[in-house]
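Here's the structure we're looking at; comments come further down.
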Amino acid sequence: MGHSFLRKSLAVAAAVGILTGAASAQTIKIGVVNTFSGPQASFGEMIDRAFRLYIKLNSDKLPPGVKIEIINRDDGGANPDKAKQLAQELIVRDKIDFLSGITFTPNGMAIAPIATQAKMPTVLVNAGTSVVVTRSPYYVRTSFTIFQHCVPLGTWAAKSLKKTFILVSDYAPGHDCEEAYSSSYKPAGGEIVGVIRAPVATADFAPFLQRVKDAKPDALMVFLPAGRTATAMMKSFVDLGLKSSGIKLIGTGDIAPEEELPNMGDEAIGTISMFHYSAAGDRPANKAFVAAWRKEYGEKATPNFAAASSWDGMAMMFDAIIKQNGKLNPDKSIEIMSHFKTDNSPRGTIYIDPETRDIVQNEYLRETRRVNGELQNVEIETAAVAIKDPWQAMQKAKK
Amino acid sequence: MQAFASSLVSVLFHGIAYGMILYVISVGLSVTMGLMGFVNLAHGVFAMAGGLLLSTAMAKYAVPFPLALLLAFVVVALGSVVLERLLYSKLYSAGELAQVLFTMGLIFISIAIARQLYGTQAAPVFLPDYLKGQINILGRDFPAFRVVLIFISAIIVVTLWFGVERTRWGAMVRAAVDNRDMAQSVGINTNRLFMVTFALGSGLAGLGGALGSDILPVQSTYPLENLVYFMIVVAVGGLGSLSGPFIAALMIGIADTATKYWFPELGAFLIYAATIGLLLWRPQGLFGVRS
Amino acid sequence: MSAPALETRDLCKQFGALTVASNINFRLEAGARHALIGPNGAGKTTFVNMLTGALPATSGKILFGGEDISQMAQAARTKRGLGRTFQITSLFRDLPVLDNVALGIAEREGVSLKMWKPASSYKTIRDESMAHLETMGLAAEALLRVKDLPYGKQRLVEIAIALGLKPKVLLLDEPAAGVPSIESGRILDVLADLPKDIAILIIEHDMDIVFRFAQRITVLVQGAVLVEGAPEEIANDQRVRDVYLGEGGHD
Amino acid sequence: MTRTGSYSGHARIGIMEALPWIAAIAVFFLLPDYLSLGARIMIYILFTLSLDLILGYAGIITLGHSVFLGIGAYAAGILSVKLNINDPFLQLIAGSLMSAVFGLASGAVILRTKNLTLLMLTLAITAIVYEIGNKASWLTGGADGLPGVQVNPFFGRFEFDLWGRTGYIYCVIVLFVVWFVVRRLIYSPFGAMLTGIRENTPRMHALGAPVYQRLLIVYTISAGIAGIAGVLMTQVTQSVGLNVLTFEVAGDVLVMLILGGVGRIYGAFVGPVVYMIAQDLLAKQFPEYWSFGVGVLLIFVVFFARGGILGLVDKIAARGRTP
């Protein structure tokens, strides 16, 4: 009885599907596994806002009759089992055409097998561990990799800062950054005078920084998880007199996130960070992006790197939809997205490396400054142009 | 050798600062747990509230720092009385499980409220200029704020101990911790005693949360993230004791700092392992009146 | 002469500076009906707790049938045949009366670690529990929860549990405390009918019960044995009278 | 009704007890789109059931039960990824054993204590194991998780599929077997004895029960069952993340059990079903209110419904019976 009921309901569903299809109003569904709750919830908002803003401003470019629907699901943070269930449901139940979001690497790892199984074109807009994009041929990444930041940072630092102390969070991305920085810094003549792997949950950085201070390096290279501990680190850096003793604070953009700058105050001024995006970037595309963002979400709102990646990720999905005129084929979609290129990203020129399906972008050296009374990460140099993920190259070299 | 001595001074300094804050926050927990036998996992909520109050008062209403500290103490103490009368007091004899669940519920609620009001970022605390920078003591530079923090905490500790040793209230608390039934039978109004003590303990937590916002940044998940440390102080120090948690807090503060300084790769291992060892050696804590 | 059922030698207990038992030397002969009396706070319950192992003694020895059990855990002492009841009823209040008794029998019989067959299928345990309840006149209440029983009957359950352990020595800590006098008569009848081979030590305030039941009486005052003797000796002992009169008589 | 081994009651399986299984089968046919959520619910029921054994029956309060879920989960993951052992049943047995051994070892140490000290020790041990999981990234993948877990098709035929059918059936069958075993255990003299410990530990001492040894046994069994839940989670997700070792998961499972009802076996069924469906429906619409809601719910249960949902059902049923 169960079976016949099931068959009937499927038949009804199919009939409805045909009818709506015939009406030529086509809805393309994008399933988003994202983080809206828990301590990392700010990602969810950034990504969702970027998606919706792009759709709002660009829906006229879609083929006639095509509409985009976003279906959000909350994974609550790095919860692979939950993320996988949500992705599975989006695919099976909601019959989505694209999967996106994927804030955290473990979640991306868990979803990969079903993305492959379901041939689901998936756009990673945040997870930053190099290996994750290799887990499925249906993965494309618009975000970044840790190696992309930390390798150029090492290259740049070696030019003027001869001795570095490294402080990274003691988890996989932190270890990646430590490795990446050393790989370019040491061959260029830099000396690493100490490494501290601090527990991820560190609240008080004073003891670590005291040791850094005692080691008297030229630079302190810091990698922390995005979004919560940077302010505490920055305060201790100044309080303990590291800044006044001339040690340069350098790191990825995570040590001076736009949303935390107001809380940091003048302590943050002079911080050097390597990142793929700054809201203060003066490219016209970025100025337009930030202006649109503020118009939509208020004068005080500022988009961050996750917003930029998501904006570009949506642009990429639009590209695939437009090029196929709304008649989507997963393999075709992946093919198109793997060759995506734009000069109009808020990040400048970006493209996808067809071989790795990974992002190729510029890395900007920024310095935190006060501009018109507002703290900004001012891009002072394009440190790397069209950099591919160095990790992939290193893996190849190993083989 | 001199380098080692110098680093030892640093470790002790930061360790004591951290330990002092842990103590000011946790002492109330030790006393209420010893006095009322209440497993209050939500003690950190009061500390968070203190920190958020301080942040708001200073950032929004430009309240000077000392006044904001006082405000944190008073408001949290008063707020805790309301909770105590309405909810806590109903569960004094309800058994551990009910207390654990109730206080977990409080934690969840407070996290949600804090996030709604303050977002996920740490609440900003902009110290006045006179607390910034370095103070030179005996030829060494120390961060000014931490010096002040140790100083204020020391005053609080001395006042508290003096209060418990010399006042009628203190005598009643000590009597009731020793033997609640006895205290009741000699005419101590334990209801009021509990309320006042709870308020004081929570107020101190609020003060500690505010004072320590530099060391333990205040954000919405604060009560959960720091729960283990507060509990360790109390469990290791011993329930119902004033001096036990003091020594435990200093030990934890210094040990934690020393690990971070010399063996950062050990992370929190050492603290947890030491806690487990200590509790197995003395299940009632170092100076516990009861387990 | 065979070893006494239970004996203590120089048993002491101190809580900090407070001495609650000092050099207690005590013998409970096999099959004895012995009472332990003394004013409030004399240390009677502390003494019982040390005998059963609920409290460790500070110094001294406890011998059970001649064997030194001073260092033994409470459960092991129970297994050897040292049973007790509690002063304040300490029952499984939410469980049926029958189960209160059966749990002890199951421990005695060593079936508590059986994990597969339902407890209710262990007929012998069930039948024996019922037999003890019948002895206590509680057969009709076997399936009620203990907390639904009147207080006097709860005291009877206490004794039924103790009997279920088939003790060689039974320590009764105020079996009739708080029981209305009608029902305390029942308790007394039950006690009188207990098998003769069980040595019984009763702690009791009710002197009627003590004098009707006991063949020997030990008087404990401030943690020390004041005097021991036959009931009539105790009744006529001036020191005992002083102690009790000084207290304003017993209740 | 509190379900408990009893010398005075009976242990027949009632009609109502078939309900969960009828529901499980019905879901398979009627809600084929919900099977992956269904499988996760089954896993959490298993996990909650293991907690009910020690909390509901033996009265041990723990804030670190996730450690056993995590050890089972990582054991299965490491077996597959590092040792290439992909037999599902071998993983199941190995994971459960690992977890049980850890339960035995840690229980032997901590069960000598009680109350707050015990609570703290459960927390501290879980925190340490979490740290190890994070640090030993060569073995566990650290914070990136351990992906690429392979599970051979069951009996050489049934693979995990996109719809989650195989996973669902597998989880239901494992749960059924464990449920049957746990039910026997609860109704056995051992279960009756556990209830005795929960109700009145000093009295059990006086009855001659070596309480510590008994607690250790049940703690080990519970750890083994939680380990099974962990293995299932790894197998169904085909990867493992550090989240299985967090305090959050330990807290979640506690909430689920309390919500369903403690010491009733079926509380462990009702709690996760209600909690996870509510989370699935509400958390995505009102993520910011979710933890607020859970907090209010907990307090409500403590003050007004100590027996959880099943306790409320009992009360209503009792009211219906007495006119």
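For this structure, a couple of remarks:
Letters are used for the chains, namely A, B, C and D, taken in the order the chains are written, and counting of residues starts over at 1 for each.
Quick note on the criterion: a residue touches a chain if its C-beta (ideal position, glycine included) is under 8 Å from a C-beta of that chain, and two chains touch if they have at least 3 such contacts.
It should be emphasised that the depicted structure is a prediction, and the values quoted were computed from it without experimental measurement.
Greatest Cα centroid separation from subunit C: this falls to A. Distance between chain centres (mean CA atoms), subunit C to subunit D: 42 Å. Taking the mean of the C-alpha atoms as each chain's centre, subunit B and subunit C sit 47 Å apart.
With centres taken as mean Cα positions, subunit D sits 35 Å from subunit A. In terms of their C-alpha centroids, the spacing between subunit A and subunit C amounts to 73 Å. Residue numbers of subunit A whose C-beta contacts span two or more other chains: 41, 170, 199.
Looking at subunit D, residues 131, 135, 288, 290-291 sit in touch with two or more other chains. Those chain pairs judged to touch are A-B, A-D, B-D, C-D. Of all residues in subunit A, those touching subunit B in their complex are 39-42, 170, 196-199, 201-204, 206-208, 210-211, 214, 227-229, 231-232, 235, 238-241, 244, 259-260, 262-263, 265. For subunit D in complex with subunit A, the residues that touch the partner chain are 26, 28-30, 32-34, 36-37, 39-40, 131, 134-135, 137, 141-148, 161-164, 233, 236-244, 283-284, 287-288, 290-291. Per the touch definition, subunit B reaches subunit A in the complex via residues 3, 6-7, 10-11, 14-15, 17-18, 115, 119-122, 124, 126, 132-134, 141, 143, 145-146, 214-217, 219-221, 225-226, 256-258, 260-261, 264-265, 267-268.
Touching subunit D in their complex are the following residues of subunit A: 2-3, 5-6, 36-37, 41, 44, 72-74, 76-82, 84-85, 88-89, 91-93, 105-107, 109-110, 112-114, 117-118, 129, 131-132, 135, 170-173, 175, 199-200. Subunit C meets subunit D in the complex at residues 52, 54, 73-76, 78-79, 84, 86, 90-96, 98-99, 102-104, 106-108, 111-122, 125-126, 129, 142-143, 161, 165.
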